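I'd like to ask some things about the structure below.
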Amino acid sequence: METVDNRPDRPQEECGVFGIYAHSKSSALTYYGLVALQHRGQEAAGIASTDGNRMYSHKGLGLLADVFKQGELENLNGHAAIGHVRYSTAGANTIQNAQPITLSTHTRNFAIAHNGNLVNAKWLRIRLEQEGSLFQTTTDTEVIAHLIAKANADSLADAVEAAAKQITGGFAVVILGNDELIAVRDPLGLRPMVLGQLGDAYVVASESCALETIGATLVRDVEPGELIHIGPDGMSSRRFAVRRQRRMCTFEHVYFARPDSDVDGWNVHTVRKRLGRILAKLHPADGDIVIGVPDSSISAAAGYAEESRIPYEMGLIKNKYIARTFIQPSQELRDTGVRLKLNAVRSIVEGKRVVLIDDSIVRGTTSRRIVQLLRSAGASEVHVRISSPPYVSPCHYGIDTATADQLIASTHDVGEICGMIEADSLAFLTVDELMEGFGFSGTTNVPFCNACFTRNYPTELVDSGLKEAHHELVHVGG
Amino acid sequence: METVDNRPDRPQEECGVFGIYAHSKSSALTYYGLVALQHRGQEAAGIASTDGNRMYSHKGLGLLADVFKQGELENLNGHAAIGHVRYSTAGANTIQNAQPITLSTHTRNFAIAHNGNLVNAKWLRIRLEQEGSLFQTTTDTEVIAHLIAKANADSLADAVEAAAKQITGGFAVVILGNDELIAVRDPLGLRPMVLGQLGDAYVVASESCALETIGATLVRDVEPGELIHIGPDGMSSRRFAVRRQRRMCTFEHVYFARPDSDVDGWNVHTVRKRLGRILAKLHPADGDIVIGVPDSSISAAAGYAEESRIPYEMGLIKNKYIARTFIQPSQELRDTGVRLKLNAVRSIVEGKRVVLIDDSIVRGTTSRRIVQLLRSAGASEVHVRISSPPYVSPCHYGIDTATADQLIASTHDVGEICGMIEADSLAFLTVDELMEGFGFSGTTNVPFCNACFTRNYPTELVDSGLKEAHHELVHVGG
Amino acid sequence: METVDNRPDRPQEECGVFGIYAHSKSSALTYYGLVALQHRGQEAAGIASTDGNRMYSHKGLGLLADVFKQGELENLNGHAAIGHVRYSTAGANTIQNAQPITLSTHTRNFAIAHNGNLVNAKWLRIRLEQEGSLFQTTTDTEVIAHLIAKANADSLADAVEAAAKQITGGFAVVILGNDELIAVRDPLGLRPMVLGQLGDAYVVASESCALETIGATLVRDVEPGELIHIGPDGMSSRRFAVRRQRRMCTFEHVYFARPDSDVDGWNVHTVRKRLGRILAKLHPADGDIVIGVPDSSISAAAGYAEESRIPYEMGLIKNKYIARTFIQPSQELRDTGVRLKLNAVRSIVEGKRVVLIDDSIVRGTTSRRIVQLLRSAGASEVHVRISSPPYVSPCHYGIDTATADQLIASTHDVGEICGMIEADSLAFLTVDELMEGFGFSGTTNVPFCNACFTRNYPTELVDSGLKEAHHELVHVGG
Amino acid sequence: METVDNRPDRPQEECGVFGIYAHSKSSALTYYGLVALQHRGQEAAGIASTDGNRMYSHKGLGLLADVFKQGELENLNGHAAIGHVRYSTAGANTIQNAQPITLSTHTRNFAIAHNGNLVNAKWLRIRLEQEGSLFQTTTDTEVIAHLIAKANADSLADAVEAAAKQITGGFAVVILGNDELIAVRDPLGLRPMVLGQLGDAYVVASESCALETIGATLVRDVEPGELIHIGPDGMSSRRFAVRRQRRMCTFEHVYFARPDSDVDGWNVHTVRKRLGRILAKLHPADGDIVIGVPDSSISAAAGYAEESRIPYEMGLIKNKYIARTFIQPSQELRDTGVRLKLNAVRSIVEGKRVVLIDDSIVRGTTSRRIVQLLRSAGASEVHVRISSPPYVSPCHYGIDTATADQLIASTHDVGEICGMIEADSLAFLTVDELMEGFGFSGTTNVPFCNACFTRNYPTELVDSGLKEAHHELVHVGG
């Protein structure tokens, strides 16, 4: 048996965050909010809470259901809490890197949790270490924490502001003080964050689906460059960065976010469906049925089907229990045809010309496998249509993909990729067409980051070329 | 915190079975086959294997991923194996009732696993106990095992045949001998079972999706009343009951089976979609969007949308991680609006007249909650359309629903139910219309069991009125 | 790393049993009683209880502390309970073989737990299987259960009596009915069992230390051949076998029982100390210090020291945490001198002539290792004195030792063994001297079974030569 | 059920440390060394190793057997390792406080583990936090780590030396660099540490029993105020503090250390036995039997018995499995006499005048319970003799006892204590008599810390009166 591959052929979101202030069940609501955000990270989870006198925390490896059992939530007392779900790469998936991190400084205790990636974390860490800071994890979050601790500031909010001014990249951070909750979002709005209300309580979360889940109302998105402070005197807001054109991550819409979330004003499902329609209009295919790769491409496929009038069919079925199966077939068994994740439905596919809708092609290996799956179930033709442009360059703002040389589109044109994935035809959206899905014509000055499609990064990549200072710390297991 | 309700407002399938003979990786393939059948039972799982000399077994409570860790599969040696996933009611979900059961008799060892429910199990058990049989579980499976053991037969196949002749009800049973695999399906074909091939190996399974998953080819359905024997001399077949009109369970198609399975020749997704089309044609609704209750009603909703030309939208999102969350919101939190399982998407639903497609209404509580969910997300109207007839009578053949008095349709007419679930309109398919989905006109002599819709049971209900002989055995936890 | 050897060079006790009737905390007291009996079996544990209407049970693999967590005891309701701790050989240590077994028959439910070994279990099982009985475990206990179930008897007590008359060997069995507790002890008293009282409640247990632990008073030993019935009408007693000379197992005194237990009237520590004194008197050694092998030989060593006036020193220290350590040193590490279980204390041993007291030599490998340990810590001489006779023949009544050919004393004389264990001198007690420790002169007609020392078994060995009827059932893990 | 009391009426050792350099099996040997030190802490354990390029670590809550399973040790690569077992108070027993801590600084990575307690940790932490240091745990160890990180030093050894010069108290610290192992012991030698060799490898450990266990030879004690550096060039030593009279903790000898350890030249068992002899000579009692409270008072009781010629008997038996039992009897059950930890043996004790030897009386509650236990088992008189002086003042150097007002001897004289524990007579050793056990006459200038008996602390208590700066951080569970 092999163990499961932790670096699948899909972009990986780094994390989801949640915070709530002024609710008697703050840690339970944080738990439920995180359940709604579980798709953003399944490898570690944690919650910190405060009752104004003490700060409580619990975190662990695995799904929320693994980390929190009866009883642990009940010990997370207090009227305010923050929480975190984490995706992480194989080597670093250790309890040490789980969040929130709780810390004590000269003047105060606080807890911090973070979604995103800093492009100057390495640079900042070197500077901090040179000044005597001591690091116990390999996370960006600890860098932000040190900056907060080092800020010569009267209030926690001032300290967070000072820290936020020094960091560059994509970030959505929640900080819990003894009796206050602070949230900051990066100046470009690369990573999403929303603000909601539940009775008298304020809530912040990575996606609006977390608000819906706990019965809270969406107030608005947290603004890029905004610092929100919630405390006994209510909610207040300040800016830590000048207002600039926002650059929200299109890939949240294309792939990551839950279809029921509204991100920066756009409903995710609706955008995806529109992209499917555009794809159908501009990249038609002669097919008998439309099939979407579950789950993320279902919306786009529905749009494609509606527009093209080709019937939509469930020709691929995803096993919903597979996420939890750690026993993977060996190569020997895989060669016999064992496929746990996806099944092609012969009685639907057989003899049909299939239009296969997927949201993206990263390394190409999954696409080839799905095409083969459909053919071996009897599809006569497979026309692949992708509801985003070719993915040519790695993200530096919180999405973990393969390195540039592993991205099939960074070194091959569409014709070559079509051959490599063994499709009968292949088409992508262009970046212009992608923007059209959001109602923009052209890419000039759009409020989006399309760097993974254009190589045009909206920030300097400070750490590029910086080496690790030392030998590596490896935490083994729990 | 409350613990999760183990008796939700949904019919519950009893089990899934799998068997394979003549493959060097028999237990691994059984594991993957069961992963594909996991939707049929999530509360216990087990595998027994044989190398011709020894019989090996392992079982436990929970999902396959919980029961089988690295290493345990490797100890299940041999070239033949059977496996089981189990749904069970709360009280009886103990390791004692997990399957396969392994037994030793005068003449042989065998292992047995079963999907279905006998209508004369209680009666048989009383008779067996009177003759001195000793029962260690509360399962029908142990009754069948005793009948096999008591059969005065030369071969295991003869003994199984003798047992099969005595039992009445719905059953799909796999039996593993020292060097043979036997499968039997009830004479009416109430429970599904298919036969497949993988190279030289033979495979039997509750649904064809398990064959697809391991790369095996579907040969045919196991015939009602058929006993299949697979051993060193290959596969042979005999009948243990005279051929009668088959009575396959329509509810497998309506709700249980995986959409990619072919059951008795019909692809499940295709049938569901057709039922949706019929529903649209015969029970139209003035709506702006069609929404299906995920996951089981998606196919029917797609059919309804196609036929009605009303666009299909993902207005309800199911949290895929919720299955594993044992910490449920307390009533207090539920009152604040916490909803873990389903979210209604405001930006899709708001201001819309929704046509809500569901596969069935059992107790009605879930339907009411979903209607409320849609309204609170802004739906202006909610028209409920059900892709099956009113569910009026409990199943006795392996599906665990509420008792008759809990079934809303057994005591209320459609108008009353419409009010109770707070819908603007409500319509069901009739039984005739349901049959139309399979290509039959009228219900006379159709090869289906519709007893849950018609109260017309295809067998005598032998145990009705029989009391439990003794006090109850309660196994606590694992 | 190797896994721990499950067949160490020590005799292994099969089990401990406990039962209580008429106490509102019956399952909690059973738990504490079993904790006191944990030395009799560490590989599985279980409790069954009854409230007169329902029977509850929970069992699992491992120590009591592993099997019972907060909450499970609380679900074991009722005023009566039985419990079991189990030692088992590697292959059969599965949940299936854990006890108590709960069963339902024609007329009643009951639970049963057993310490001991039957010499006609195989024979009985063949007969029962021929009559149609179905076996799900490989335990003697299930054989007894079938005999009880098959008895044509009005009361559970009559059925148990009928069963007890058919079984031969060493056994101490507790049976729990719906509102009654029954205990039987084999006619020769090979296995121990005591009766106690705690207020109005009656208690039975394998050893008196379990009574002490729960605050109960020792009333008397259960008589060999006695059946004790405890129910709503109080305690009653009957005999199921004619009174014969009792044959209690001397090895319980020499090695197994806890030193604070009184077994058949003798305090275990006191007997061991007396054996040490006799050993000193009759098998003196020129030594500077006396060292006992912890823990079982400490009493004998103290007696030896007192009698010989040679000071007793703690020259060997046992690591009390090692029992729970499953990671054992590989041979490579063992060769470097890694020794987890015992340490020799250099500053005590160095330059000393050591008299090493041990309770028995089974295969001899442990003895050689201890002698080497002492020498490498600087002992100038090591004189080994054994507080029992040479162990020459396997037990058939519930103690699991090596097979005859693995018993060093069955094939070698004392001089040879002395050489093999590399001691400077070696002496055993004779059987006469062992009997002297209990106050008997000579071995004629003593109330003890010394078969392991004399090959003189007090019962026929019915199963000898009987073969297993079938292939083997192997349960893998939990 | 109550959960176990985590603050029992016994002093609690803080920790044990271990380190090894230049062995291909360094982490496995560290594991076995820690098994031998498990008595010094059972609540958390961890190991860090290095292969010169990467540093690996694993830690967790519970016994070593709970924290390390098959596989985890194998991932701890490299030729050098350090390890830690931890005792901690209830609230702080969290994964965050487990050790070794691994850190990265400006110039290097290192791992650190610590046994002891600093008397200026709070003061140092305030200073460090004021300078911007950020703390993630509540351990002294993290204070030492920050001092190391802040040291402006070329080598790790220089940095450790700089840190060691700033800390006051009792400490035995091991630090692992990328290719070096450093050990420091406090200038007074309050906490023990030994140096050993195993072939070419060097080993350091809290007690010599850890050396014995892995087959290493004891070279010498690490000197008070010594820093030992072990690296590719072998072992070197330097002093970080001027040589002063050493002040080794007598309580290590009286209670904590394993009897087979040699601490600063004295074998623990031998010292204890000598204390028992002195106790017998100077504080005789008219008794029939001598009983020691297991396990720590067995040596002293043996000495008392030998000197007094009163026979030593095992009148109290400790349940060796109780350590792992988390289900404790409720008060209700305790009142019925349930006693899990100790049993008094009626047949030994009944009618006897008992001389009960214990090593210390802390709060007095345990002593009273044992006296009652003996009386209820029939002892006619109970004369308590304590092999140490009255414990009047809390330790500040790494032993966790009750606060001063909970120490029975700090507020009551011997006569009063005798009444409170319900003994017939009571005597303690004086401090002079205690010193006699080590061969010293008088207490002037002895190389021991007797502060718990004399209130005469060998260091300033810097932190006394310092308050916590902030609110408290509480980590919940794992």
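Quick notes
Chains: A, B, C and D, in written order; residue numbering restarts at 1 for each.
Please note the rule applied: a residue touches a chain if its C-beta (ideal position, glycine included) is under 8 Å from a C-beta of that chain, and two chains touch if they have at least 3 such contacts.
What you see is a predicted model, and the numbers here were worked out from it, not measured in a lab.
Over half of the residue-numbered contact pairs at C-D are shared with one candidate from A-D, A-B or B-C, namely A-B. At the far end from subunit A, in terms of centres built from Cα atoms, lies C. Measuring from the averaged C-alpha position of subunit A to that of subunit B gives a distance of 35 Å. Put simply, the C-alpha centre of subunit B and that of subunit D have 59 angstrom between them. Computed from the mean C-alpha positions, the centre of subunit A lies at a distance of 47 Å from the centre of subunit D.
In subunit A, no residue touches two or more other chains.
Taken as a contact graph, with one node per protein chain and an edge wherever two chains touch, the assembly forms a single closed ring in which every chain touches exactly two others. Applying the touch criterion to all chain pairs gives A-B, A-D, B-C, C-D. Interface residues of subunit C, counted against subunit B in their complex, comprise 50, 52-58, 60, 72, 75-76, 95-96, 101-109, 126, 129-136, 145-146, 149-150, 178, 469-478. Against subunit B, in their complex, subunit A makes its touches with residues 1, 3, 25, 28-29, 31-32, 35-36, 38-39, 42, 63-66, 68-70, 73-74, 198-199, 209, 212-216, 218, 258-260, 262, 267, 269-270, 273, 295, 298-299, 302, 306, 311-314, 317, 319-327, 329-330, 332-333, 336-340, 343-348, 377.
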